[in-house]
Amino acid sequence: MTKKIVIDAKGIYYKELNQQIRKFIQKGYTDFELLNVSGQRYIATGLEGDYNFLIKGVAGQDTAAFMRGPYLRIEGNAQDGLGNTMDAGKIVVTGMAGDVLGYAMRGGEIYVRGDVGYRVGIHMKAYQDKLPVIVIGGKAGDFLGEYMAGGILIVLGMFSQDKIAPITGRSLATGIHGGIIYIRDGVPDTQLSFNLKVEEIDEQDSVLIHKYVSNFASELGLDAEEIMDARFIRIRPKSHRPYGNLYVPN
Amino acid sequence: MKRVFINPEFCIGCRLCELACLTEHSQSKDLILAYRDEVASGLLPRNRVEEKGYITASLTCRHCEDPYCVRACISGALQKDPETGRVTYDEDQCVGCWSCLMACPFGSIKRHPIKEKIVKCDLCPDRSVPACVSSCPNQALTFEEK
Amino acid sequence: MLGSRVFSIREYKEKVFGQKDYMREKDISGCGLFGVINKEKKLISGSVPVTAIAVQHDRGNGLGGGFAAYGIYPELSDKYALHLMCDDKDALSCAEELIKKYFDVHLSEPIPTRSTVNIINAPVLWRIFVTIKENRSTWSNLDDYDYVVAVVMLVNKQIPGAYIFSSGKNMGAFKGVGFPEEIGEFFKLDEYKAYIWTAHNRFPTNTPGWWGGAHPFCLLDWSIVHNGEISSYGINKRYLAEHNYECTLMTDTEVVAYLLDLFIRKHGLSKKMTCKIFAPPFWDEIDRMEEEEKQAYTALRMVYGSGMLNGPFAILFANHEGLVGLNDRIKLRPLIVAEKDHDVFMASEDCSIRSVCPDPDKLWAPKAGEPVIIELKP
Amino acid sequence: MLDCGLVKSKCRKKFLKSKYIYTGVRALLYQSIVQNYHDFVVERNLDLCINCRVCERQCSYLVHYWDENRQRVMHDSSKCVGCHRCEALCPTGAIVIKRNPSQFRENSHWKPWFLKNVYKQAEQGGVLLSGMGNPQPYPIYWDHLLLDASQVTNPSIDPLREPMELRTYLGSKPDALEFVERDNKVNLKTKLSPQIKLNYPIMFSAMSYGSINFNLHIAMAKAATELGIVYNTGEGGLHPDLYKYGPNTIIQVASGRFGVHKDYLNAGCGIEIKIGQGAKPGIGGHLPGEKVDAGVSLTRMIPIGSDALSPAPHHDIYSIEDLRQLIYALKEATEYRVPVSVKIAAVHNAAAIASGIVRAGADIVAIDGFRGGTGAAPTMIRDNVGIPAELALAAIDQRLRDEGVRNKASIVIAGGIRCSADVVKAIALGADAVYIGSAVLVAVGCTMCQRCYTGKCPWGIATNVPALARRQNPEIAKRKLVNLVRSWGHEIEEMLGGMGLNSIESLRGNREKLRAVGLSEIELDILKIKPAGR
Amino acid sequence: MKYVIIGNGVSSIGAIEGIRKIDKQSEILVISEEGFLTYGRPLISYFLAGKVGDERLALRSSDFYSKNNVQTMLGSKVIEILPEEKKIVVKDKQEVSYDKLLIATGGTPFCPPIKGLEGDGIYFFTTLNHAKQLDAVCPKLKKVVVIGGGLIGLKAAESLFDRGVKVSIVELAPRVLSSAFDEVAGKIVANRLTSVGLSIFCGTTVKEIQRDDAGKVKGVFLENGTYLEVDAVIVAIGVVPNIELAQKAGLEINRGILVDKFLTTSKDDIFAAGDVAEAWDKLINDNRVIPIWPNAYAQGYAAGQNMAGAKREYEGGLPMNSIGFYGLPTISIGLVNPPEGKGFQIEMMVDEEREVYRKLVFKGDYLVGCVLVGDIDMAGRYAGYIRFQIPVKDLNLKNNLKQNKATYLDWPEEVFQQFWNKDARIR
């Protein structure tokens, strides 16, 4: 049974807004429509449970940080730190997202239609049945997937505002020691950091990509088959111990 | 009654308990003499450190409530002291039939390497806490009532 | 003989301001206290405190004695009465000039004294009755009290040979180097009448002494006399520094005065809660309190820990509302209180009270950390 | 792993023909010549040695071994790290570990330390790695500070007789309180922020489960609970078995975000954001995959055997306002129930940083000095980066007071607190409480051999190898920690009493109680204390 | 409450200790035909061999009865039990009443019908009296035949041989020690004995005892035709339960007196223990007579506690025998000669050079029996696996057992906790 509330967030400070949301949750509300969101921080941060958020406007810093469970649809853009250390749940952004998207994310899914900023998917990590997934419809900034330890990052490069920029920035996947990055149409060698294995995808990968691209497409009203109709490459770490031999005992 | 208990989780396999037992039951009461001289004439520790991979455990007589060894003893050398609860051993009585060794499912009885007699834990009657327990550096051995 | 070891005001200030704040040395002293209040505001002759403190002669060593009196200037009760001590006339004129910049002066005159055998090398003692200028040139944002404090601090810091030692309305401090009975005689206190008197006999261990170093210490209409050493001085001083009080007198008593000003005037706490900051209940006592009180006292200790007066002390502090006596929380210094009709006496020694009130209705020793708060009838 | 023999069947077969028994290839013959410049020598007194092999069983670096041919225990000093485990356990006192007396020609510039390091790096080509805190002979300011005591003018207080209060609350305090007094009752009107209550101004420093083992974590948790203080999880998550000690746990959030989730954030009595560590300011941490066993994996929520890399910075903090963002993200996630601490390494402009941290909303600022320990740090960083905790503390406390925000946050100091006098000095300088880390490890046996990063700690501390980790019986470790803190508590009470104080808050920031010996005027000015004699 | 115990063997001692564990006060009366205080019956071979003297025979110290407040009637034969009246009748018609009665009358030597058996020169070897008789005549004996190649037969033979008597052993079965040990162990023991100088005749029996005119034994004819010149015949075949009293009293009887798991006979207040009782056997999960020393004590002990009202189940008998010949220790525990085709698995290890033999009998995941010769130090561990039915599923564990390397750390954690330390963790 869902109980829905519409909150006009215009002019409400984030502390108050989030307090309101928590109060409504205590009263049994599960569905929230937040209007005129303008950079309010921490929406759904640390929230656990089966809740739905429709956020209209610009979602502020650290939206959905430490989140476990809720579904967020952001109709607009999201600022930095979306899905920071997120545990479970699903986030859909119809616009673009800022830097450090999905930092240390352990589970859940994030779908961004447009471009994302720098250091996206840093330190993503999978554990047991938890598998974090980020699908980026546009292009990504530098250091994508830095220190990645698990999970899946898919970059499509299709819905970007920037026609000239490469699909990902420099030092792609520095220090990666787990997880997989899929890139549609490949990536220039100069973008790659050390310790990477760049390969063509196989059948298994294809199934996996298709699964998440289909989610992406259905969430955002796009054609999955058209997205799939291209060459994908797979990037994985060469070693799980990238810095294993760096040291001398003293 | 108080008994010696082992928690293998914290037994570090150092075998100091064996050395302590050896010393306590030596004539010299001196570890170095006991280990170097008396072992040659048959002195041996009453306890034994069992090993399984890195897991170790110092085991010795449990001083059972209903001791199998006492049942099996044909000579009366082994008896259950109703006062102290200890399973006592009278070496003079022992005829070396090894019935107790066979009967004890805890392997707590050893054969003396020279005499046709057995050797077993006496809970160090001269000490308030048995030597093995006192010597355990990690308190894997405890002397308590449980 | 003693006189040769007494610092002039200028010498003293050089000693204080010539070095970094953390290098300033604190005076250490023991002493005797006396206070009396008439709840009905009936006036008491100055000979009463002088007689009473004289009994405690052996609690001092002749290096400091002083009195504070409330209700002594009824005709000028709306004026701030500034008591000054100056090394010489030049210093006095400098001070007066500076005062005139900030205040309208209504009366400026010497504080009457009589020559006394043992009081020698007395500074120039002067009193100026002032009101705040209508149009302030600076500090227009300060309230009246802060304004007065600011000017007093300014004079004390900037004029090397002058020192304002009392600045309240209808009250004043009289103090100097000597035994208190001699100081009383010197200042002709027998000619004053007040409804609150406090008196102090000082036993400094180390200082060459100076006239400003004697007690009471006054700020606005607060006056404090104090016995004992505050071991928490170091942190009390730093805590006050955070709130813009600069300690220049190098005595514990100054710290108490500023803390009173901070807690009562600025934070709006009651005298009782202020006393509880000075001498808080022990944690085990707090733990046994009912929930709400427990929360209150826990917060008090958490927030005002730096304001706690730790170490042995008995203090008497007064203002125009009344007189408060307080002991440290393990009662390391003595304090006796007595009542007779509407008079309440507080002193370090029983005999001191009985010298002026031989037959009190009630006489008791207050418990450690329990303030005795005597309010005047409004 | 405790087996000494390098058993290779081929070699063994050859040996079968000889009169000797194959015991593995030994000695320095096949080692790099650099190994001969080893730091320690094992001295075995053959009059005392009974060949009981306790030393062999205790040494995780395979120094001692049983020689079948000689029928006695032998040793290879080149492997010795100077941990003294064998010496401690030898039942006849036959073993002494000594500094290798072999000497290079005197050169006060090219000390053997530098020579040996160059040899090693030339040979192996890597970053020198060390454990524990900075061992270099920089000044130790604690040792230049002396405490006051009362004589005559104010009395010392006898802590055995009189009440003596060490209770401390950590967290942000308002500048003033409002009370409502009615009928002789007092009610608090001001709403306070959350606080951490400590019975002693001492906490167990952040040491992650992984860097040290579970036995010590449970020991710290139990000891903290028994003592009424707190321990810090470090960046390693919180094992499910330890959630019940939450009221005495500060959980740490660091750059790797290991094991960080909603339950974790809400498990403790406080959250600490670790920005830096005194032993390695500006450097991240690498927990090698070998140390990630089932328990660590479960706790950090990473697969068994995978490296746990903590990046140098938090990737969501590149500026002070980002720190504020994370502080408030954590406060939102915990609904403002617990105070948030920010831990930084003591570096040059620590005072300004601390001020910024307080303004960013932190309730506690923890400063870790350059003597602070670590499981592993690049040697050059450990030995050359950062500043002494004492100076940082003095500067920070003063700065926060100057700026009128000292009440807004508590100050916790860490990094080389060795004894209760250090604690008293730290508090007199202005700390609310101290973290002890190395002292905790020393209490349970650590001999500061500085080889934590090998994972072979023979004392069972910095290791997850089951055979070694069991050397820490948590009950014993707990008792030792409880004893340590209690005894320090008694000593602190004695010192407080001597100063004429009966409550720790009157010591906090009371620099009148300190005097310095042998410090320059500048140092005195930073510490804002008088020289002894003044 | 009055407890009466008939017999003063080891069951009787067990019963006294069992009763006194529960009931420190009530009267206990022991009635025995034998005139001695309880002695270690297996010691009779040591006695005969001269290894132990009278002074070391006693199983308990001389003050055992007084310390335990026990009355004794030694040298008295009970002739009747009157269950209805809760009384027993002693030989001189004296009647003794009881509240709880234990029949621990043991067994009598089994003697097959042999021609010429009647008369002097025939000896048994079950009680101290038997040993003392033999001891007395021993110096006069030159050659004897021992009928029975079981445990007591061999021990008797060994003891006599040690006293300088030439001994021949005659055993009906194809090998010695046929019931308690297996073929290999029997062979090793037989080798050891023959190498020392004893003669062994298996698969045959004594047909006739030849006597001279004075009736003195001259020799024996064996079934296989052999004639052995001997001065005396020792019959040491075994014992059969002494069930006459019980039979007369109307107790249920099979081979021995049938008892339940509480050692109670078919009459509520009458218990039976030791060689006379047919009690539950853990291995075969049925009742049977196992006339061995530890069982006798254990049954007595359990019976004693139950007589005192403890309701303690007897944990079940487990056959086990330890015996040594000329320094060769030999042990058998449990089922050592399993029937073929019943799913038993046998692991054997023989080291002839060192005279070490080990045989383990498994059924499914459990060890059910073992024979150890020479290297017996781990015997108790095997006994533990058999007694506590500790599963041996792991191949490594099985190998350890085979290689004599069993450790208690192989026990499942919960079993270790049950027996060693409830707080132990094996990890």
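We just call them A, B, C, D and E in the order they show up, numbering each chain from 1.
By definition in this document, contacts are C-beta pairs under 8 Å (C-beta built on N, C-alpha and C of every residue); 3 or more make two chains touch, one makes a residue touch a chain.
Just so it is clear, the structure is predicted and the values come from calculations on it, not from any experiment.
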Reaching chain E from chain A through chains that touch each other, fewest steps
3
Taking each chain's centre as the mean of its CA atoms, the one lying farthest from the centre of chain D is chain E
Tally the contacting C-beta pairs at the B-E interface and at the B-D interface, and name the larger one.
B-E
Relative to chain A, which chain has the most distant C-alpha mean position?
E
If I average the Cα coordinates per chain and compare with the overall Cα mean, which chain comes out closest?
D
Starting from the mean Cα coordinates of chain B and chain D, work out the distance between those two points in Å.
42
Chain A-chain B separation of Cα centroids, rounded to whole Å:
65
Take the average of all CA coordinates in chain D, do the same for chain E, and state the distance between these two points in whole angstrom.
66
Inter-centroid spacing, chain C versus chain B (mean Cα positions, whole Å)
80
Can you tell me which residues of chain D touch two or more of the remaining chains?
466
Residue numbers of chain B (touch at least two other chains)
9, 55
Chain pairs in mutual contact under the definition given at the outset:
A-D, B-D, B-E, C-D
Complex interface listing, chain D residues touching chain B:
1-2, 48, 50, 52-54, 57-58, 89, 91-92, 460, 466-467, 470-471, 473, 475-476
Under the definition above, what is the set of chain E residues touching chain B in their complex?
14, 17, 20-21, 40-43, 46, 51-52, 56, 58-61, 293-294, 297-298, 301, 320, 322-324, 329, 331, 333, 376-381, 383-385, 387-388, 407-410, 416, 419-427
Any idea which chain B residues touch chain D in the complex?
9-16, 19-20, 31-32, 35-36, 54-55, 135, 137-140
If we count contacts the way the header does, which residues on chain D are in touch with chain C in the complex?
150, 152-155, 157, 162-163, 165, 167, 169, 171, 173-179, 181, 185-188, 190, 192, 195, 401-402, 404, 406-407, 428, 499-503, 505-513, 525, 528-530, 534
Chain D touches which residues of chain C in the complex?
20, 22-23, 25-26, 28-30, 205, 228-235, 237-239, 241-243, 266-270, 272-273, 280, 282-284, 292-293, 295-306, 308, 310-312, 329-330, 332
